[in-house]
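What follows is a single structure, written as structure tokens, with notes after it.
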Amino acid sequence: MSQAKVPAWVSVGLIPLLNILLAFLVSGLVFLAIGEDPIEAAGYLVYGAFGYDEGIGYTLYYATNLIFTGLAVSVAFKAGLFNIGGEGQAYIGGLGVGLLCLWFDSSLPLLVIAPLAIIGGALFGAAWAYIPAYLQARRGSHIVITTIMFNFIASSLMVYLMVNWLKAEGVMSPISRTFEESAWLPYMHDIFAPFGFDIGDSPLNLAFVLALLCCVFYWALVWHTRWGYQLRTVGTNPTAAQYAGIDNAKVTIWVMLISGGLAGLVGVNEIMGVNHNLLLNFTAGYGFAGIAVALMGRNHPIGIVLAAMLFGALYQGGAELSFEIPTITPEIVVVIQGLVILFSGALENMFKGKIEGLFLRKAAA
Amino acid sequence: MTQQTHPYSIELEGISKRFGTVQANKNIDLQVPAGTIHGIIGENGAGKSTLMSIIYGFYEADSGSISIDGQQVSIRNSQDAINVGIGMVHQHFMLVENFSVLENVILGAEGGAVLKQGMDAAREELKRLEQEYSLDIDVDAIVEDLPVGLQQRVEILKALYRGAKILILDEPTGVLTPQEADHLFRILKSLKEQGVTVILITHKLREILASTDNVSVMRQGEMVAHRETSKTDKEELAELMVGKKVRLKVNKDEAKPEQTVLSAKDLSFFDGQGVERLKKVSLDLKAGEILGIAGVSGNGQSELLNVLSGITPMASGEIQFAGQTITANAPKNAAQMRDLKMAHVPEDRHKMGLVTGFEAYEAAVLGYHDSEAYNGSVLMKRSAMLEECNERMAAWDVRPPNPHLKTANFSGGNQQKIVIAREVEQNPNVLLIGQPTRGVDIGAIENIHEQIVKLRDAGKAILLVSVELDEIMALSDRIIVMFDGAVVGEVSANEADERTLGLMMANAWNEGQGAQA
Amino acid sequence: MFETLILILDATLRVSTPLILAALAGLFSERSGIVDIGLEGKMLAGAFAAAAAAAVFGSAWIGLLFAIAASVSLALIHGFACITHRGDHIVSGVAINTIVAGLTVTLGLDWFDQGGQTPSLTGDARFTPITFPFADQLADVPVIGLIYSELLSGHNILVYLAFAMVPLTYWIVFKTRFGLRLRAVGENPHAVDTAGISVALVRYRAVIICGILCGLAGAYLSTAHNAGFLKDMSAGKGYMALAALIFGKWRPIPVLCACLLFGFLDALAVRLQGVSLPGIGEVPVQAIEVLPYVLTVLLLAGFIGKAVGPKAIGKPYVKERA
Amino acid sequence: DIKPAVVYDQAGKFDKSFNEGVYNGITKFTEDTGIEIRESEPKNEAQVEQNLRRLAKRGYSPIVAVGFTMMSAVQKVAQDFPDVQFTIIDAVIDLPNVQSIVFKEHEGSFLVGALAAMASKTDTVGFVGGMDIPLIRKFGCGYEQGAKFITPNATVIQNMTGSTGAAFNDPTKGSELAKSQFSKGADVVFAAAGGTGIGVYQAAKDEGKLAIGVDSNQNHIQPGTMLTSMVKRVDSAAYKVFEEANTGEWKPGLEILGLSDGGVDWALDEHNKGLITADMKAKMDDVKAKIISGEISVHDYMSDSTCNY
């Protein structure tokens, strides 16, 4: 509201940094509480995440999922919608990817299956977001609640389908048969190998590139197209949007379709890139983590990539940590995640007022 | 009624208050003699409400002191204020809408942890108060079902129920018809007779002159003058308020109306609760004229603008515009109406006219963002938008002329310029314009009025909605009055006078026989 | 047939107890305007604290105290974020759920070395069934006997407490001063403020009550219904409670009915498993499991009647615009 | 010396049942030989493979993978590390460097089914399975045969907890299922459901019925309520794997453990001896001998995916 403005580096740099720092500080206390040395743990964490080729690969592999869900949450956020259903949309997106791979893996080459599966995953994810979106837009149902419900429904649906229809012959767990290799998205290490680079065996695959492309898509869409303009108008001032002749309901629906589609792409990474079969629970909480990623990334693609890498590093570093120190469970990473959401999301105003006040007073003086 | 021990019922010294960088109150002194009605006037944003909210403990002052009956008191929250006998009727009512009148009145003064006995006692006490001040009301009615006039009574009852000796009313008549306002002033008078001190904020100099004993004037956060009401007049007060001589008249020639460009027939509209907000409204708008719509706010003017501009769909009726027939079954949305060259400056620029989070150049294309001028095949043309914004900022003297500044960071008047420039520069055939000068200072008002008249003289049709009768009378060539969602009268500008319009606004005008009682 | 029905209803009571407690918890919070998606986390924390303390001290009651303490602390964090710092209610709730999901397992592993579980609880470390007088003698009386001895008798204290909480909540919310202020603050906090009441204080009290009830729900899970804590044992019940709250339109009695309906469906799902229904055939368990969620969506879609919450819900109370 | 490692499945090593059995075995091995065993508890699919791979890379061998869920990961990693010895329990992988250990759970289940029928006063016994998979049906089918062997007109109520991995870790549901079976007249219930069993035993205790444990000897969990446990000696199997590796006798291929070699059995200890009369004990010894001798042939559900015997 002021003529005196808070410098940008304070509001997008200093304050978020302080919040994250605080989250890590409190995480350190948790380590102390369970009798572990937080410095040593941090050492393993960092080494596991960035210390060697394979570790970096894993970090980026986790980040891939988080970029998709982070973008998904964020794009809906831009239109003022809280899509908490990324988990279910990713789940159903994966179903789409899996079905296409199962149908076409023996008849089509990768070059055809890959785009098909990507579109399929996005469409399935989008379709799963459509119903909550429609209900929000046309009937005013609260999207937070409906998307949560749709997470549960997705999970029941998948169990039903896997157990009754998609389970492979002769295996115990409800997993589908493994796809033919023609439906495997190439691993990064396989892509680099011919050029003489050995980047270590990891699940990192071509879906990472797709994730980066999605960031560019997001950036162009939100800030450089008229759809993006409409979307931001609806998100910041729905009344003004109505005044401008923007159909709020339509925007709500299509932004949720995009959001669901982005979340659905998690399936490309997980199903086509890594597991090579359909299985249960491959979404592993990425949809929820996407909320934190979007928040921390300040709803900007570059921020989201950075935040996704941070969280990816936490996942991978956490796995390393619990591998090296078996008394630490990987769940501690979930705690850190939660603390990051708390401090940089819910408590974002804690320092904001004081610090901005400090700068404003300096500027006013 | 109360024993007066001190000449001043309330006394302020050096009150200051800052919101962020806005200095809303600057070192304010004020003395209100006991048992009087004290008026406070000032332009929008002068800091009147802020000052009153400080007295009532809603905001805490940055510095300064408050004395009640000569005793310095510390008021840090509303409870403190209530304890020293202050009651306040806020500009925006502070009522819980789905509570009954009784529940609203006892909120905060329940008289015990369990409601039952407190409620019964309150019922008795309210009966007494109602009789004493002739404040009739059904205490079991749900507040949201009551008309605003009665809701205001609930606010007054709330204050009296808590034994207020000082009653503050912040723009109580803004939402009332002149007749309801008269009733209010009778109530205030009887309160005064009972020894209650009343502080009254209003924009209407007429009311100040008619009912107060003293008047204080605020300008840009400062208290600039105090007058005994009997020793001042309209002109002096207006000048004190604005800080310079005010030309209350707009320069314009006789209108030369031409063909009808927009004609609405029997428009009806129902809101979300199913209340009929527009009742078969018909009007014709001609090229080259300004048609003013007068009325107390909330009588369907906003809804009319929204229906005409395509923002909300009509329930029934018909609009003829630009060779098109628009009906409930063949609706056009706001974007389509714009394509037909209808422009619209909405009543509320924050809520509707602007996206305050956008940079100015983005806000400057709101509604026209689909236009070819700003779009390539896929991406928007940022440079074109910026260039045009720069030009307009120069032409309309928007300050600061920075297209990258967040819209929120422009002052009210400059925000309004951005909106009006956007709509007028489209060279529309019809301009709908609501509250064009609300919250805009005198200098800017002149400018805006000039632009409106210029557009009319260029042969465009203008529909003007304003709750300021003065503005309506100064600008319009023809005036329609709305009441309760319907058109209740039409007069030409030459015939219009404040009294007739006021009565029409209260729906108390009967042609032929003049005013009812 | 009648006996089966009684037994299903009996199970319904057991299963819906944590839902009722959590939904009433949500009712207090949301009536005050604070959205609480963190019911899940608070319940889980309560379950963990109850089981851990009960395992250490050997007393379910001490466990209950710890459950309440843990849950109330989280409620205060939620309040600190949403009331004091005007944070987003949903983000805060998500954060709390995430932290608790990780922290319970982490602490559990550190303290008990059993893969994040607490030791199995026995004896006084659990709330055990209370048998009503003459329940056994009356068991054979037709109809009444069964209802009395099977359905009504033989639950633990927390079940009775949960059901007693419903009329109590009704009374508090609609018949007391606190209730009046609670409802008002959720509808129009400005009105409450200008009536000389501290908005923050009313809201903090509401979230504390919410914390207490979630603590009870958690303790029920780990020290009454089960005999120990298990990772993620709240299993979405917090979200279901939230759905029940909306389903019941933020009113105690309808909320109770919604919880009972969800509980009944759950109990039914257990018993319908593998059973072939006449005309339908074997219903997939998933179809029954998914019913509460689908019902909630249908309600929200307005097919069953629109759910309109407290008006100021989810909006931070700001006096001074920034 | 060998550098052995074990990878538990996602239920974790303290599941009071299957994984915990392995854990007990290796603890004993470490006590006996002083050889430390590297343990790892992956928490998701990606980590299973990651951890197997990392252990193999660091030169651990043999690496024991606990549970059928690890089958595909072991298959992949074993191919990439042909010099490392892998052992998988409960699944069969045909690779030159993989040893597969499976059990004749149907034989053990037959035994406890017989005991259940002997102890039942209502001639109705219950079975609560974990996840609905052929392996668990194999338990149920053996149990049913045993019960009907003793009481031909016995009623055997069977329920599965669910169709996902979570079904092995849902005591609340286990307790509800048990209660529903009790209400249908069952007075002995056998839980082959991992952590879910805890709820089943608790329900049995609360209602004064009998329960039968699984995998590890679970008699101590609710003494007086636990009629017996169908032990699947994963502990000794694991012990044996490491011992053989230590002495250089480890060899790939399929190993099937049943009653005859003590791979499965019923548990009798101080916790349940009060529940087992001399008669019952004698009868059980007789049945056991007959199965080993082949006089009783127990049908294996997994041989033809039906329970026709």
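Just so it is clear, A, B, C and D label the chains in written order, and each chain counts residues from 1 on its own.
The criterion applied here is as follows: a contact is a pair of C-beta atoms (placed from the backbone, for glycine too) under 8 Å apart; a residue touches a chain by one contact, two chains touch by 3 or more.
No experiment lies behind these values; they were computed from the predicted model shown.
Engineer: Tell me which has more C-beta contacts between its two chains, A-C or A-D.
Structural biologist: Between A-C and A-D, the larger count of C-beta pairs in contact belongs to A-C.
Engineer: As a quick test, compute the distance in whole Å between the mean CA positions of chain A and chain C.
Structural biologist: Distance between chain centres, rounded to whole Å: 30 Å.
Engineer: How many angstrom between the C-alpha centroids of chain D and chain A?
Structural biologist: Distance between chain centres, rounded to whole Å: 38 Å.
Engineer: Give, as an integer number of Å, the spacing between the C-alpha centres of chain C and chain B.
Structural biologist: Inter-chain centre distance comes to 46 Å.
Engineer: Report the inter-chain centroid distance for chain B and chain D in whole angstrom, where each centroid is the mean of the CA atoms.
Structural biologist: Once rounded, the distance between the two centres reads 77 Å.
Engineer: When you check chain A against every other chain, which residues touch at least two of them?
Structural biologist: Residues 1, 159, 329, 331 of chain A each touch two or more of the other chains.
Engineer: Please output the residue numbers of chain D that touch at least 2 other chains, ranges allowed.
Structural biologist: 41, 162-163
Engineer: Got the chain C residues that touch at least 2 other chains?
Structural biologist: Residues 116, 286, 321-322 of chain C touch two or more partner chains.
Engineer: Identify every two-chain combination in which the chains touch.
Structural biologist: Per the contact definition above, the touching pairs are A-B, A-C, A-D, B-C, C-D.
Engineer: Touching residues of chain C toward chain A in the complex: what are they?
Structural biologist: 37, 77, 80-82, 85-88, 90-92, 94-103, 105-107, 109-110, 116, 236, 239, 242-243, 246, 284, 286-287, 289-290, 293-294, 296-297, 300-302, 306, 321-322
Engineer: Once bound in the complex, which stretches of chain B touch chain A?
Structural biologist: 19-22, 309-312, 333-338, 344, 346, 351-358, 362, 366-367, 369-370, 374-375, 378-380, 382, 408-409
Engineer: Show which residues of chain C lie in contact with chain D when the two form their complex.
Structural biologist: Those residues of chain C that touch chain D are 3-4, 7, 11, 14-15, 113-117, 120, 128-129, 221, 225-228, 230-231, 233, 235, 267, 270-271, 273-274, 285-286.
Engineer: Report the residues of chain D in contact with chain C in the complex, numbered from low to high.
Structural biologist: 11-15, 41, 158-160, 162-163, 169-173, 175-177, 179-180, 183, 195, 198-199, 202, 206, 221
Engineer: Over in the complex, which chain C residues touch chain B? Could you list them?
Structural biologist: 175-181, 183-184, 187-188, 190-198, 311, 319-322
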